[in-house]
Structures are given as structure tokens and as C-alpha cells.
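I've put the structures underneath this note.
Look for chain A in each of the two complexes below; its partner is chain B in the first and chain C in the second.
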Partner chain A sequence: MATVQAQTILRDPQLFYWILFPITVVMILTGVLRHYVTVLMQSDPKKQELNAISEQRNLLRGVNLRTNHNQIPLSSFIARKNYLVAAYNRGDFLKDPENKGKPPANPMTDPAGMDQMMNMLKGNMAMMVPQTLIMGWINAFFSGFVIMKLPFPLTLRFKSMLQSGVATRDLDVRWVSSLSWYFLNLFGLRSIFTFILGNENSADQMAQQMQQMNPAGGNAMFAPGQDPNKMFLAEAENLEVVGGQHEWVLDGVVDRLLKSRV
Partner chain B sequence: MNPEEKDLQINPVVPENVIHNTKTIADIRSLTSSIFGIAAGILGLESYSGFIFYLLGSSIVSVLMVIFIAGGKPQNYFRGTSEIWTLEVFSGSSLSSFILTWTLFFGLLRA
Partner chain C sequence: MAILKFLLSYLSVHPSPLRNPSTSLHLSQQAPAFLSSSESTKDTQETWLIYEQLLLSCLRTGDDNSARLCLQRLSDRFGVDSARVKALTGLYDEATSNSRGELESVLQRYQDILKEDPTNMPIEKRRISLLLSLGRTEDAIKALTSLLSHSPNDAESWAHLSSLYFTQGLYQQSIFCLEEVLLILPNAYNIFARIGEVTYISSSTGAGSTDRTEAFEEAIKYFARSVELSEWYLRGWYGLKLVTGKLIQAKPSDGTLGKTESLNQLATEKLVQIVSKFRRNEKGWMGFDEAEVLAAKDLIDRDEQRFSQ
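And now, the complex of A and B:
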């Protein structure tokens, strides 16, 4: 181990300026590029017609009433509940009243669902392609030598992954090749991207990208493969169940306020 | 309705505020973790001492956050008083920023 250490010291400054910094700079730049490409490639949200929007929003109205039913007095709640339950059972808000009994729209054929799947596919492609390219570039140019020493030790199983080009037996696991520097950058640059590009940037990893999809595709509940009529009926049932117990939050509010001020 | 549910109705937990609070902490922690990584690399700290340094630094940052940002009352912003100490300490963004800058500066200055 002493000989390897002596070797590396001799070439130190060149190694770092030619390898570490270029890899980091390239990764930051591709991250920024990927973010802007994703933003530009996303198709605009399609304008939906009035009855489709009304269908979704009225279902949300039922859900909101159910979750916040304690915030309004009993009489208001009962009035709202009766109106909504009657409307759901009659199918007032449905987009196509003739389709009441038919099976739900297939996501492949329904245009709204198709749009969303394309967006997700594009997002995935935008993530995978640069990562694969950069890994290939690093393997082509920067393999076959160890570049630096990790400050912390790892188990032997990481040796094959982190020292990809160098096949020695007793080289300490702390000496790693440039591929491991790529992995370190992959995880560590996420916070820098948050600072440069603001939140919800697309240069981040997949999990956060999936989260970004959810509010944008709020009609995901309705378009791919769900029958709106069944959902309305289920919501009506839920409302009936909830109507059983109602405790108005403002019931003892005067006492509470006086007690807290004492 | 049991007392916890009633308490939750009277003092509801608003999701947007929770997200904003958590994001504030995450931002502060990732920035300070990078700086602690630079410090650890310059000091030449090795495995265990490096991580202990990171934990110490995070607790100092937590104390400062409680004093200056939460105004001494973290329970107004988070569930319970102990959440502000451990939130986002081991998360992806702060720990990996620390390791990244630590490795970089350790390698740059080890020679």
C-alpha cells in the first residue's frame, strides 16, 4: 500500500484537474440541460371541456365534504349532503350519461390518458439517456486506474464495483476509480440542482419526478380505467356513512378560548 | 370521537405548511453539510471521526435553527420538540452533499 500511495502523490494535481473537475462540471451541465429539455418537451395540458371538468370537481366536492364535515354546523352539512347524494345517485354530473353501465375507457385509446403516459415516458427517457451516455463516456476514457482515496472504509463487496478497471487483490477498498466519483456526484449534486434550478427541477432523481407528475395529472383519477358512475355511487355511500356522527368543531369554542386565556 | 381526532380537527395539520417547513430545513441542512464536508476534508478526518464531525455539525445547526428561525419554539412548526433535531439529517441531500465535498477536499489536500 505504501508504493501505491507514493505513485499517486507524484501525479496528483494533474489527476484532479483533468478528471475530478471535468466529471463534476459535465454532470452539472447535463443536469441543467436535462431539466430544460424536459421542461420544453412537456406538452401543454390539454383543455378539457366543461362537463369533464365539472365531473371531476364535483367528485372532489364530495370528498372535501366528507373530510371536513366537522367544520360546518350540522344543518349546513345535512343540506349539502342531501343535495350531493341525490345528484350522485341521479348521475347529474356525468360526462356521458349514456355510458352509465359501460366499462371504463381504456388508457390506450382515451386521449387524455395517452397524453399523460407519453409525458411520463418522455421524462423517463430524459433521465436514462444522459446517465447511460455519461457512464459509457467515463468507462471509455477514465478506466483502468484508481483516482482517489475515500475518507471512509467500505466492505470488500464494493471492491469490484468501485475499482472497476484495476484488478488487484490487496488494494484497499478505499482507493477507488473514477466511476465511483461518478456515483458520488450522482447523489451529491441533487442539492446543488435544487439551489440552481429551484424546486421541482427535472434534473433530480426519479422518485421526485414521479411526485411532480401527480398534481399535474390530477385527472389521473378519472381518465385511465375508472368508471365515473361507480365512483359517484361509492362517494354517495361514503357520505351517508359519515353523516352518522357529526361533532361541530365550534361547539365548545367559547369555553376553550376562555380556558386558554386564563 | 377520541381526543386526538378532535385535537386534529381543532388544530389541523396543513400539508402545504408542513412541506414548506421541511423544505426550509432541508435547504439549510444541505448547504451547511457541504460546508462541513469541506471542513472535514481540510482537517483530514478519517472514517468515524468524519461522521462524528458531521453529527456534531448537524446538532450545532439544529441549535441555531431553533434559536434563530423557530424563535425558540419548535413545537409551533413541527410535531413535537424533537423533530427539528433529526429531520433531514440522514436524508439523501444533506448526507450525500457532506460525503461529496468531504471526499473531494480530502483527496485534494491529502497530499
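And now, the complex of A and C:
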């Protein structure tokens, strides 16, 4: 073909009222429903025992020392560093000192781990079930025709996905069926959910995906399957490394102050 | 809506109303109006925070009835077994108790709660404060140390321990605790100023004159850091002016005093500016504490007198 001619199809204006609108409304409603169901299904955070809390917080203390070591004089820092490194190496803060050498607790057997996994599972279920249902509904009722024209061009490979019910060869890929309107809504309704439900709503699947991809920031130490002894030893090493460069923030503060104010 | 909004805005302007008797009084005077209004039944986070603040300020000013009502509503909403509600109930009982025996029974109650549930931090903190009000400072220090051994990230407890050590005259330990606070909150300019103050005060019990000038110089550095972080921090400038003045007095004929003198001058300028604008009630300058401004004015006048003599 020499040039691709612009293809226009005349559409019934009632398309808007009967198809676009209902799909959007249904998706908003299921999103809201999903949010509240997730909130109700979440179990309360389990209470931890004192030695578990102590383990986590003392590890955090090492992290704080490493991050903010420039705020205290060198002598104070060295005293604290020596104490913490010795304590970590001895395993003073461990919850179960007998389990020092053993492999980390299996999430299947450890009750604390089970809770967390169940929560994640429930969240995923709450995501997937409505999505599947709506897609099935759309395929059942709204297939076999194209509904709108995308404002941007796409390659031919999308044809099978976006024009699922309409099997023509020449139809421009920009003409899409209602399933693609569903996909557009899926990503676009996030801001409406934020408007209705406030910032951290569970109807937001983007946040969930990012959480799964995020390589264990704060969750690392609290998730099961992590060996606390190894983490303490790693933190002890980090502290040793940091000890080399110490720039007390109070060195030269008088000069800085005079320079900036006078 | 009106009274809820008013209280919220009041609390945002005065975030810790209990430090000042006049703000506590204002707040507790609003309590009866708030409690009888319909907005007090709204179930939002802000409402309950206001309840807590009202409870504390009513206890402070002696309005026990309103305090009782606040406590009642809080325990209805959150259950009597919630850790925070238990601590507030204990606080109410301590405040309204009439004899030492009653206080001792409250203390016993705290010990029983902690035996069942050693992770109840609000009750642990209440117990420490009660030990202090009973005068058992050493027991309080011991209890605080054990709290900090399982929760070393609690800046409030470190600061509390520091003030306890300070009252006992153990200045080095006090500074240690303040350094721990800095590790948790590295930009806490008030802590820098506090370390400066403790260093300066500890120097007055120190040995020879070289110790004293070294301590002065260290204190000056801490104060300088605090005003570097917060330009109009009155306490920081006050400390800077005071200690630089003392250092100049202690080493009168030394050639190395140039920086100290410029610091002293800078501090004086800032203090004069703050005092004059506060006294003229200029807009934007009224956030300072009046007592602190008066102390600053006093210091300025004293130094002027000394120079003019």
C-alpha cells in the first residue's frame, strides 16, 4: 500500500451512554468496594513479644549510629561503635540465642510469617477476582464491535488484543474494542480513587506492584525468612567500615556561622 | 463545626500547649463547650487527639469533671484495655489522688499490668513518671534504663533520662543521653543548644582554668550549630552571647579572641533584633516565648551596663 488513508467509521452517538459510561461506572464502584473489603479483611497487627521488639530496635540503633555518626564527637562515636560491634558479634540482642547457627524460620512453619503471607495473599485475591469478573463480563456483553479511535498510532501486533471480536484485516489498529476501554480505565482511574478514597487506598494496584518490586526496604528485618544473626553481623561490618571517615559537624561551625551571617 | 475547627487551629498554632500555663488554661476553658457540642461525637483521628489534649489540660488546670468526661468517652471508644487508655486512666488517677497511699496503689496497678504485658510502653512511661513524683529518682532512672535497653530508638526517653541525670549532677551521662537523641534526630537544634548549656554548666564544677576555657569553647560550638540549623533560635543566641561573653572575660588579653568577639557581637545583634521586634508586637515576631525574651533583654542590659562602666 502506498499511503494509509485515514479510515473513518460513523458511530452511533448512543455508544457513549450505553457502553463507555457503564463500564467506567462499574469500574469505579468495584474499586470502591474492593477498597473497603480490603480494609475489613486486614487482620490487626500481631502483638510482638518484648525480645522480638528489642531485637528489631537494637538493630535500628546500629543503623542510626551509622547514618548520623557525624553529629557526635569522634570519641563518643568510637565508644558506641565498639560496644555495638561487640554486642552484635556476641549476639546479645537475639530473640532466640539457641537458633544462632540454624537456617532462618520457614514461613510455612513460623506463625508470625504465616500471618504476613496470608495478608499478602488476601490483598492479591482482592485485586484479581474483580478484575477477572469484569473482563469476563465485558467479553460477554461488549464484544464484536469497535467502540472508539485511539489518538495515537500503534503497531499491528496489538490488533489481536485490542480488536478481539472484530476480525478484519484492513481495519486500522487505532480502532479498538471495549476491552481496551477497560484497560484504559484500569490505569486511568487511579486519580479518581485518590480523590474519593483519600491517598492510601487499596484500589490502587500501582502501589501494590511497586511494593512488590521494591527490594525490601523496611520490610527486610521484619519479614520471616531473614536470619537476624546474619543481619546483626552485617550491621557490625557496616559500622566498622564507617568508622574510617568521621567529620564532626561541629568542626568549623564557627567559621561557617560567621561567614554566612556577617 | 466551629469549635472543632477552632480547637484544631489552636493546636496547630500551639503544638505543645501544656508547656505554657496560659495556653493550657485557654484550652481547658474550651473543654465544656466542646464536650457538650455535637461535633465531639465525630469519629475521626483529629477528634480523639483533641480529646487527649483536652484531658491533659483540664487535669493541669484542675477541671476534673471535664477531664473525667473526656476519659470516659475515650475509654468507650477504644475500650478500657487499650494501652493508651490505660495510661491515661492511670494519669487521671495520679492527678486526682489525695494521698500518698493512693499513689502507691496506682503504682502497684502499673506493676501488675506490666507483669502481664511487658510490652505496654505507655504504662512503662507512666510508671517512671509516677516514681519521679513519689520522689524515687533512682528507681526511675533504673526503670528508664531498662526501657531504653529494649527500645533504644525512643528519643523522648533518652531526653528524659538526660534531664534526670542532670538533676543528679551527672553531667557526662546527661550529655551521653543527649548525644543518643542526636543520633535519632540529627537536626534537633534544641538538643544542640541543650548540650551547650550542660557543657557550660558542668564547667562551673570543673577543675582548673584551662578546663573551663575548653568547656566554654565546646559549648560555643554547640550553640553555633544550633543557630546554624535554626536562624532565629532565641535559646541558641542567648547561650552564644552568654558563653562568648564569659570566655572574653576569662581570657582578656589574648590575641586569639577575634572570632569569639565577632560571635558575641553577632549574637547581641540578633538578640536586640528579636527583643525590639517582639516588644513592638510586630507581625511574624510574636512566636517567641515571652519569658525567654525578657531574659534576653536582661542579658543585653547587663552587658551594656558592664561595658559602660
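Please note the rule applied: the second predicted complex is superposed on the first by the 233 of 262 C-alpha atoms of A that agree within 3 Å, B and C clash if a C-alpha of one lies under 4 Å from a C-alpha of the other, contacts with A are read in each partner's own complex, and residues count from 1 in each chain.
The definition used in the following text is that a residue touches a chain if its C-beta (ideal position, glycine included) is under 8 Å from a C-beta of that chain, and two chains touch if they have at least 3 such contacts.
The structure presented is a predicted model; accordingly, all values stated were derived computationally and were not measured.
Undergrad: Putting chain B and chain C onto chain A via the overlay, clash or fit?
TA: The answer is fit.
Undergrad: Using the superposition on chain A described above, determine whether A:Lys149 touches chain B (first), chain C (second), both, or neither.
TA: First partner only, chain B.
Undergrad: Would you sort A:Glu49 into first (chain B), second (chain C), both or neither based on which partner it touches?
TA: Touch partner of A:Glu49: chain C, not chain B.
Undergrad: Applying the touch criterion given at the start, work out whether A:Lys230 contacts chain B, chain C, both or neither, answering first, second, both or neither.
TA: After superposing on A, A:Lys230 lies clear of both chain B and chain C.
Undergrad: For A:Gln71 in the superposed arrangement: first (chain B), second (chain C), both or neither?
TA: Both partners, chain B and chain C.
Undergrad: For A:Arg90, decide between first (touching chain B), second (touching chain C), both and neither.
TA: neither
Undergrad: Quick one: classify A:Asn58 as touching chain B (first), chain C (second), both or neither.
TA: second
Undergrad: Counting only touches as set out at the top, which of chain B and chain C does A:Thr194 meet: first, second, both, neither?
TA: In the superposed model, A:Thr194 contacts chain B only, not chain C.
Undergrad: Just checking: does A:Val249 make contact with chain B only, chain C only, both, or neither of them? Give me first, second, both or neither.
TA: A:Val249 sits against chain B and chain C alike.
Undergrad: Chain B and chain C, closest CA-CA distance after overlay, in Å?
TA: Taking the overlay as described at the top, chain B lies 9 Å from chain C at its nearest C-alpha.
Undergrad: Report, in rising order, the residues of chain A that make contact with chain B in one complex and with chain C in the other.
TA: Looking at chain A, the two contact sets intersect at 70-71, 249, 256.
Undergrad: Using the touch definition from the top, list the residues of chain B that touch chain A in their complex.
TA: Where chain B meets chain A, its residues are 1, 6, 9-10, 23, 27, 30-31, 33-34, 40-41, 45-47, 50-51, 92-94, 96-97, 99-104, 106-108, 110-111.
Undergrad: Can you name the residues of chain A that touch chain C in the complex?
TA: 47-51, 53-54, 57-58, 60-61, 64-65, 67-72, 76, 249-250, 253-258, 260-262
Undergrad: Under the stated contact criterion, what part of chain A meets chain B in this complex?
TA: My answer: residues 8-9, 12, 16, 20, 70-71, 147-153, 181, 184-185, 187-192, 194-195, 199, 245, 247, 249, 256.
Undergrad: Chain A touches which residues of chain C in the complex?
TA: Within the complex, chain C touches chain A at residues 118-119, 149-153, 176, 179, 182-184, 186, 220-222, 224-225, 227-228, 259, 262-263, 266.
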